[in-house]
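This is the structure I want to talk about, given as structure tokens.
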């Protein structure tokens, strides 16, 4: 299951009266969402009917410097801005799929930043092509816009077109649209991926995770509901809930792996979820140990939960190298084996000195906090369960 | 009149039996077309149904290195390849308009490399959008493909669709299309921009100028006729001439300024055209002078023609700096004034020593070879006419 | 006091019988030392009498890729290699001071990687210049080599020259020299900066911190003693201890701030030192709180120590953004103020929900673990002491 | 004989009262010298006792942009500036040998830009090392400065030290030195490489070729004499001629190949030299032909000379591709063979149409204008002599 590769981060701001520098706020918010994707990033800014957009491979600090942020402000501080950080599956590192995507259709410009992975797209694409659509990428984002553009030909407003288009989309999607007058947040009916909104002064912001809103000094309002279309205009904020009501299928990986611990998703603190995973593990699988440690990063929170519940002191067991990037080179089999050691170095002598028994907790896909290993002086490290 | 800014260079190869390295031949041919555009360039290669494409800002040697050519050969030596060098009007230096553009429609992939400038595009774009089309650029190339894709829905083959689409296109266009089984050359009915084809071994090549065919060792066959659609498949080479027959309006700038002197366009040698411009100038405007020189580059040919007709010896009068690129920096007014001197330095003392009278010839838009200036020892330089 | 800016990381390997790929091992070890400097890095490799060296601005993954590592291996797997990561004080970000520096003198090539900051260098430089020395940088490393080269003219071997040179050097230095036949580790008599060595198979390695030795699978042997010169040749490992015996003045910042917690410096585990700082703080300054948290990164260890001593549970209070690099842009005062929030985001609602009292511990220069702050629901955050 | 690879271009300006922007003028002058080296370039600027220097691989437009020129002006408009463009022999493309080199010695900073190739350097280097010198490169420039620094210890002024040092230097050198108060031009006693000076307003400029002085609007004064040391200070311009008087051995390649036709070297116009080579060839080797053409670039001038002398009309025979850079890729033998065709394309049909006989002239090392080839309709191309 490759769903873990579908993660991205999205952000949007409706910059009322241009009170902020929209590109700058988006840039700062993308920093807070960087953990959701390091392959490419981009920012699109609309000033009246002009849209400027920069997308490039690399992390936020790789791509954006003073000059590029200035270029995005050349036409004004921005009525609306859109940002995206992208994780990519193998073989999709091409620049052409970078987002936000800026397009134009009958009603003017339309830009999209999406997080998700549609299923059964071949049939939908074929249907669009048989009506004359021409595609330039394989991305879901492009197909979503084409579909909305088709429905828009016969609807009164874009939210109705989106609502109708959603009935043809299967799978996970949380996207933000920037149109000539609106900023729109859309979350799939099962709510696979997170999306929330908040306030920043008199302006509104939309983000994949609440930590992005908090980090720029904004105020979290609430999650976008599964199936909801939230429309922000200069006069109002309102919702279309035609597609709401399905049972949520929020991806467990968000809480286990992906989201930042300081985010709140669908009403639950990610940090609290991980603490609880550790707590329940301590109740279900009590072990005797001198220290309980976590595999960074998400295992740390769970280990604290286990420690608090069990009374075993929490300690550091593995030091994560913060500088190992995607360019880490492993030329031989030996080096591949060694790479784990480069990334995670055990605090060996600390444990060894105490002849202590270390309990290590790692959060994983199959079951949160399922993996425990116990070591005595680092000599013997074995699976507990 | 900004038509001089619409120049680009295009090249395509139908690589029979993969006898050549299609990307490599395209790379070499683009070198020969580099004078037609230095802003960006790109190569797209098709192997079976896989199309790989690299486009980037910069000249051919800036963009393509060994690694990138190897990347284009990763899926094979190429059944077909397409290349493009781009000149850009002010404000259009954006990467997003780079070509070749690779798209997909109902019948599979379709890639385009275009040289030209359509007129009256707004209405056509509106018509396409009102049928649901979504655009990602402002480029003519994208619009042409959308239009063809629409017509293709109701035609037996792509050449018929192109033929019908051409009736809706106004202005200058010379483009090459790469489809799943064909390589197609299309020239507008007035033949504003050059386009020709030739042979390279058992393979066929298409190029903006014959010098590109000659420089890779190919054999020039003939110009694509104004209005002609030339289709190259694995089995045959044939034409659709539905749109032929209009009076040609070949752009005079091609012969005056843009094309390479070693190209033959619509049956006339560019070098010969310039020689003749100088010859006729000598007949119409005879002057007394010791030396006749030309303003590089196109003025050189005309000066030789003037010299041959008049009997005045040809000489070098101005040395062109071959290294002044688009990044030449002029921070002050003084430097801007000086920039001409940096680019073109007079062979001063050479003339001064002889107390000679220099006749300088420059080819220009309004009238080929209209501008003559005569100088005595470089002290006095004045317009002759 | 700017001594915190003088940090760098050094690494060397004497690759007996070329059993390893010396450049590759150095590359991996520099990853483990990356926290000591992100401004530039470099690797020099000696094969017989040929030295290849690459130094560039940037982190290890920024600078080194497959091609560059291959280039360093072009002349062989390396008899010896030297690596360096550099932190730089303001205004010294120039490439020219990058290390390792590769030079040549009467006895052949000599390369240096240094961590430290000499004092009173003007007089020494003047003395060298009055004897004809020519300098190309302001770096201590260049001056050290010049001084050794002078003494070497009248000594039997390089270690004697180093020993004599050390009497003229004042301040902090821990450097590694690579000569045609030796790898030499030198630590100043007060031992300001760490330096240690170990084994990797039959080869020897030298590093600023033990974590680098451990991370490449080596075996830590011991610290280089203050004042010691350790010489590694193909036949032997031996020491010159002429300058040993002074009282150590190991820089407290190493344990407080700079070193990795999984390193052991001068016999003490860095992690253990930080735990103890927290433990002693708990004894000296007991407070009532629901949770004790640390300011990342070094405050985490101290907070665990405080928690273990006090019985107050340890918890996460601040989430550090791992992607904020040196290019972080703050264009306005407001953004500068906000930058702390971007870097460290409080786990707000977690605390708020519990109405708990959070004790935050931050390690700082003046006094390890001196800073405590207590907050109630994040509304009131005030200094405790 | 590889002397053709030793070419570089140097430029210096003594910017009296900072009337100009010294970095900007140097940048413009380097453009005019670009033909002397495209491998790397650099500019050093002195403001009072601060020297800022940027050197990088690449051509002038590759390396210098607005930001870099601004960085060189950060400390003022410059009292003196020094520039260098470098050609490099195979295997010496390393950045470390880039010039200008900025060093410091007993009397303060000393920067050098050199064009030349010393012979018998091993002994000199050994002598310097046996007195304690430490080298960081293999470049002649570094050794020259070391030698001058040694002599300066016992001389009253730097020109005397240079004069004494010159007696130990064998081979070709034309260099410019920038010291705390002087700008100094030095040319070896045989005058192998060109060097001249001129005026720009109240300021003085030194350059490898007069075209650089002319191109920035300066006034050529005269060549630096073989063996001359020309010293420019704020108060005076004077010479040391201790080493003058030897028979000049000006490199013939300068006139044949390297220099720009609009330069005057040692009293002779380069263009005139080439015209004369053609003229003498016409006298010594008269041939019957319809057109006489030259192999670009230097053969063009010679062909004009031949045409003028013989009465045979001058014509263009080969078109040189102006965009073939150092990155031209030739992956197969076939492509290597083809590369000449890519670089020089014959104006085939032009000749063929006339059934004319073309005489092609190429300047070469062994004998200027020695190579003639005659072709009939391009079918038969054979050596004439």
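Labels A, B, C and D are assigned to the chains in the order they are written; within every chain, residues are numbered from 1.
Methods note: contacts are C-beta pairs under 8 Å (C-beta built on N, C-alpha and C of every residue); 3 or more make two chains touch, one makes a residue touch a chain.
Remember, predicted model here, so these are calculated numbers, not experimental data.
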| item | value |
| --- | --- |
| Each chain counted as touching subunit A and subunit B at once | none |
| Intersection of the contact lists for subunit C and subunit D | none |
| Greatest separation from subunit C - chain, by CA centre | B |
| Centre-to-centre distance between subunit C and subunit A (centres being mean Cα positions), rounded to whole Å | 35 |
| Subunit B and subunit C: spacing of chain centres that average the CA atoms, whole Å | 57 |
| Two or more partner chains touched - positions in subunit A | none |
| Complete list of chain pairs which touch one another | A-B, A-C, B-D, C-D |
| Of subunit A, residues touching subunit B in the complex | 101-106, 110, 126, 129-136, 142, 145-146, 149-150, 153 |
| List of subunit C residues in touch with subunit A within their complex | 21, 24, 27-28, 31-32, 34-35, 38, 59-61, 64-66, 69, 211, 214-217, 260-262, 264, 269, 271-272, 300-301, 304, 307-308, 313-316, 319, 321-329, 331, 335, 338, 341-342, 345-350, 353 |
